[in-house]
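Inspection log for the structure reproduced underneath, given as structure tokens.
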Amino acid sequence: GSDDSSSGGGGALTMAIVAPSASDDLAFSQSMVDSVNALDRDITVQVTDGTFIVEDAAAAIRGYAEDGVDVIVAHGTQFGASLAEIAPDFPDTTFVWGTATDTQGLDNVFAYAPAADEGGYVNGVVAAAISETGIIGVVGPVEAGDAVAYINGFVTAAEAGGATVNVTYTGSFGDVALAAEAAEAHLANNADVLTGTAQMVVGAVGVASDAGVPWFGTQSNQTSLDPDLVVASQVYHWEFALEEMLQLRDNGTKGGQTFEINLANGGLVIEFNDGFELSDDVKAAADAAIAGIIDGSIDTGA
Amino acid sequence: MNDQSNNLLEMRGITKYFPGVVANSDVDFDVRYGEVHTLLGENGAGKSTLVKILFGLYQADKGDLLLRGEKMEISSPSDAISSRIGMIHQHFMLVPTLTVAENVALGMPSTRRPLTDLDKVSKRISEISEEHGLTVNPSETVAHLSVGERQRVEIIKALYRDAELLVLDEPTAVLTPKEVDDLFVILRRMADNGRGLIFISHKLREVMSLSDRITVLRNGQVVGATTPDQTSREELAQMMVGRAVRLTPDLPPNEVKESRLSLNNVSVKNDSGTLAVDNVSFEVRAGEILGIAGVSGNGQREIAEAIAGLRTIEPDGLIEINGSNVSDTNTRSRRDQGLGFIPEERVPDGAIPEFTVGENLILVDHETDDFVSRGLFSFDKISEHSSQLVSDFNVKTPSVNTPTSSLSGGNIQKVILARELSASPSVLLACQPTRGVDIGAAEYIHNRLIEQRELGTATLLISEDLDEVLGLSDRVAVMYEGKVIAVVSGEDAEREKVGLLMAGVTETVDA
Amino acid sequence: MSDFFTSSVLVATFASAIRLATPYLLASLGETIGQRSGVLNLGVDGVMLLSAFFSYWTVLQTGNLWLAVVVALAVGIIMGVLYGIITVFFEATQGISGIGIFIFGLGFSDLMFRQQVGTPKPVQRLPSVDIPVLADIPYIGEPLFQRSLLTYLAFALVPLTFLLLNKTTFGLNIRSVGENPQAADSLGVSVERTRFAAILIGNSLAGLAGAALVLQLGIFQPNLTQGMGFIAVALVYFGAWRPLGVMGGALLYGLVNATVLQWKSLGIIPVSISDLAGMAPAIVTIGALILLARRVNAPAALTKPFSRH
Amino acid sequence: MLNKVLGGLVPFLAALVAFAFGAIMLIALGANPFEGLEAIFDGAFGSGERLAATAVKATPLILVGAGITIAFRTNVVNIGGESQIIGGALLSTVVALGLPDLPAFLLVPLVIIAGAIGGGILGAIPGALKAYASVNEILSTIMLNLMMVQFMNYLLRGPLIDPYELEAGTRIPQTERLSDNAALPTIIGGTRFHLGVLIAVAAAIVAYIILWRTPVGFRLRAVGHSPKAAKAAGINVKRNITLALAISGSLAGIAGAILVFGSEGQRMVTDGSAAGFTSSAGFNGIVAALFGGLHPLWTIPSAFLFGALLTGATQLQRVLQVPSSLAVALNGIIVIFVISSSRVRTWLQTTLGNTNLFGKEEDDEDDEEINSTAEVTT
């Protein structure tokens, strides 16, 4: 469950995460919980999840601040306005807010955002390379947020690789059944590789499994959904940004900076599934893409 | 048959309380094999309550029930049915969406369980129909049946269950005279075959002709028992009401003035789209009561609804109220033109049972300046108005804040009457104004209608009670198959002649 | 557009419609039976969620799909007993007590999932079973006769429900207590027992609907149904309380959904208006009803608690 | 008297029993139920700020609930609260986007009115469909809920999206921060207690007055009890059915506007689902209305109670680390127990020997309405 996972006790650093969806959604929220737990520090972590509603999140954020929690992660863009109200009341607390590209001028707020298009691009390169029909299906939720960035990056690469990409936005982050049928529709239209983003894709992965079609994941490592057919997942390793923030905090800077996680800084990692055999050519192409993105020679199109 | 006594049923000391009311108080009542025992009493006297206790619908608070000499507990209708008690309720207990056969089969074991055995049921229905002269088509949906036919289905249901004791709670209230005659033949034959019948009716003519014995209830108590040959209608009325009652209204001469309601070539379709009213024209003038006589189902309901604005008329027709064409207007504006309307069915058309008496009294005129100031109700005025009407019209109710549903039928009717007459309508459309109402209340209603006539109201009276139509009307129009086939003046209207006209027999046909 | 009218895409669309329709059909048929007895159950979605979770959990623990279906049925029956007690014996306002069941099911299934499972784990899905001969018919063989047993069951229940309602004594009792419980009562038909039984059947089918949904997907997630149970209730009104009409509604709803997804996949519907296209199933359903312009009366006693007093 | 005591006591007892169930669930989750209760209590009432948060949470429930009572009293079922909230929010958002410079004393009333109109339209549609096209309102309101989510998603990620979201590439489906002139002024400084709470309370009072003190409400109730009698009395049944849902919808629409302009975000944002914006107020409002005996005034405390449970749940999760879905389940259990309790109450009243079974005749009007919940929604 979503209970606490403490990696220490005593006078250790205390952290709290306020996340919009379930903390084990294999997607956005889980990526943050996993990242905080991956921090190599003596931290006590508390989580409040399922708080898409800003008012609920604000209550939790304020509650943690009142409890004296040192670092509070407000893991949702929509929480920004609440932070603007709350953060000034707790100058000793560090607030971490994302995905966001600025700190609203608050000096105890750090902001973070993923370059999701980068992982999308790498996945797209691999997908186009392994597709035999040359048709790839994408199952998206609502055309918004980092889903768009991921999918745009993916489409750019796959099309450059000669594939046709069919994108379906089901209109829902939660409708698993619709995501499954969207995947079925892609299969009917000859797609032989699938990808998708947001928590409802678990339905689409099931369809891919049944059809024996490879799947590319994003946000969290989705290999557990099908250890044979998940080719690779773009995983958000927020801990790289978080670690930098904590170091700044150790040195007395409570906020005021913005971080992007990307392939270059190791915040985004393409985690290949060893259970899925990729030819050396394809692996090389993926590595080339990663290198190209890092050195700026590749435009992900996002 | 039974050795100890000849009693099929004995009820002893039955007492039943309802909130604020003693519906039955220490009532003794019995029924012998082979007799029709009539229960008579005003509205709210406790007749239905007594028979509902017998049928297991209510539990008596005190008293014993002996069936065929043995003490019985009847705690539900199924107990009653298995004791061979049948009941024809004051309000039909039929499922309109089901067929006749399905209605009859309901609750009976099937020979083809779990499937229904409707073929067998239908066959048995036909046998019963034949045996008792109760014609009805078993495969017809009940919703399509006339009231008389529904009544027959109710009787068939009881016969099908082989009821030995049959309760009929106001079975004739909605029947035409011919249907009543037919019914009585059947009931008499059932009694002669050794069954016991409990008969409830407000119509003394019927009571005198059918009963073997008569028991009169008043305020929940037995106030007398008699037989038809020892009594008269007047005496029965006296016993019921506790005072002398004038049974046939007297119509004093009155001056008839201008036309208030006129229909010109009005045709109306019924719910199934066939012509129910066929090119009818007549007018009703101020100070006049025009009675419409006719066997139900000959277009009376449709013509009433058309006049009230509840049903559209065919394009060529014209309805005028006080000289203005209202053919295409809604009920509201017709009422604004001075129309008062007493619908055929008190519930659900005339009154809202869940509303208080006071609320029902302002149902039509709730938005007048008398009751509303600055957009809000002034409850004092409403209460004052309602209390006045309750006392004027003699409505038996604990208060104006009592839910109307707890009033007896006759008193609900008085509430409607009070509402419609107090608005001093220039045109009054009165449909079955005394249906199910006791004689005391009926007398009262008749007097109010006559009073209204003297005040110059033009009244269109639609009733299946021929005595009522003949007694109250200045002129009588007879409807047959959607047409007005004759209009006779009140004095010339004889029972027999009008009866023939109602059956479609016009004078030109030789008798 | 021409891409859509290829046989393989049409077949796939139709197959997709049948899959999507299956849970709706099961739940709607159950709701139909309940409503014909005069009981409105707005809690279908909650029952579906609970049965979906518990049958998923059963597969996760045992790997036994049939046990999972039995568990779903059992959850349906338990919720039916609860709902029966609330509505029949406590005479609670039905529209709202159903919402209570819905909210409970939503919360409790979520809670159980987080406690017992946490991260979504895929499980076996219901296998499709080919019906000999029929499965090989071109075009219709695949969508109609290569489906799961629960899908066959759902469609088989259409004539069965019809027979139950119209040809059995129990059905006669159901219809009568839904139209005029006083009349049924006066003939010795137990309104309570009949309604209770109808509620049990209705909830059992809602339970099966939950199983059909989750076992077709092979995965559970909090609020898996996304309001499907409410749509199932709506489809009963669409079908005018007739099993065949309800099936028509479920198929129409499924077909519009499937078509929209196909068109999105084919690019016929551009991404910019994909949400607007998502409105199509609801619009078509309402539109169809307006065009049908039927005036079918609901069971007269629907939502009215019965008591003799 | 006994009636009144029981009337108040039984739902309370029912809630207690429900809480006992909640305690059992907490124990099953390995948490201390007393700490759980304390957390809920503390989260809901622990400070002025939290009390204010509870009141704010109750606000949409009061509004939706008051609307529900009007619809149900007219015998129409309104399950479309979600769509009406969204409709109200969207229209008020558009107004605020279009007239950002209007002074607050004009813009605030304007966005509230826009909310009422937006919600009213979404109520009038199923109302008119029912009255004039025989489309059952349960079906149409459920379908409209589905449609409006998609429509909201479309607008918020397309025409109404914050241009900055496109520029930065974050593409969160939300509008730009709306004009401060439209923000609902805070009534109690330092808390979230804003004008919207007062508007909701006032609206519930107005709903009460409409229903029981005006001819409009009289007609609605007449149509609700008996369309046939109403019609014969000259009341336009179709128009009143439409009107009932329109009023109900407009109250929900006001809730939508308040969700936008009373929020800290001061903008509309979607997570793709209806609940993401409405936090299911469209459904919880029905519950609040029921809990209040389908009486607009009793809806106020009852909404407050549910608001408390919802705010308390956040604290429960934060302090005890139990999933917030526990509170949702508890919510459902409370509804089930309370709804069942009216029969228990009647039973108690009869067995305790009160002959005045219905408690109606001499009681005042309000009391009767509260006591007769089980009879109302036919």
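Here the chain labels run A, B, C and D in written order, and each chain numbers its own residues starting at 1.
Quick note on the criterion: a residue touches a chain if its C-beta (ideal position, glycine included) is under 8 Å from a C-beta of that chain, and two chains touch if they have at least 3 such contacts.
Owing to the predicted nature of the structure, the values given are computational and were not obtained by experimental measurement.
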| item | value |
| --- | --- |
| Highest-count interface - the chain pair sharing the most C-beta contacts | C-D |
| Cα-centroid distance, subunit A relative to subunit D, in whole angstrom | 35 |
| Interchain centroid distance [CA atoms averaged], subunit C/subunit D, Å | 27 |
| Rounded Å distance, subunit B centre to subunit D centre (Cα mean) | 45 |
| Multi-chain contact residues (two or more partners), subunit D | 150, 153, 157, 273, 323, 325 |
| In subunit C, residues with contacts to at least two other chains | 114-115, 222, 226, 272, 275, 278 |
| Junction residues of subunit A - those touching two or more other chains | 1-2, 142-143, 171-172, 174 |
| Touch-based graph of the chains, sorted into line, ring, star, complete or other | other |
| In contact (per the touch rule at the top): chain pairs | A-C, A-D, B-C, B-D, C-D |
| Residues of subunit A defined as touching subunit D within the complex | 1-4, 16, 20-21, 46-56, 58-60, 62-64, 77-78, 80-82, 84-85, 99-101, 113, 141-146, 148-149, 171-174, 302 |
| Of subunit C, residues touching subunit D in the complex | 42, 46, 82, 85-86, 89-97, 99-108, 110-111, 114-115, 222, 226-227, 230-231, 233-235, 237-238, 272-273, 275-276, 278-279, 281-283, 285-286, 289-290, 293-295, 298, 303-305 |
| Subunit C to subunit A touching residues, read off their complex | 3, 8-9, 11-13, 15-16, 19-20, 23, 114-115, 118-122, 125, 213, 216-219, 221-224, 226, 228, 257-258, 261-262, 264-267, 271-272, 274-275, 278 |
| Interfacial residue positions of subunit D with respect to subunit C in the complex | 25, 29, 72, 77, 79, 129, 133-136, 138-140, 142-147, 150-151, 153-154, 157-158, 273, 283-284, 286-287, 290, 323, 325-336, 339-344, 373-374, 376-378 |
| Subunit D to subunit B touching residues, read off their complex | 209, 213-215, 218-219, 221-222, 225-226, 228-236, 355-358, 360-362, 365, 375 |
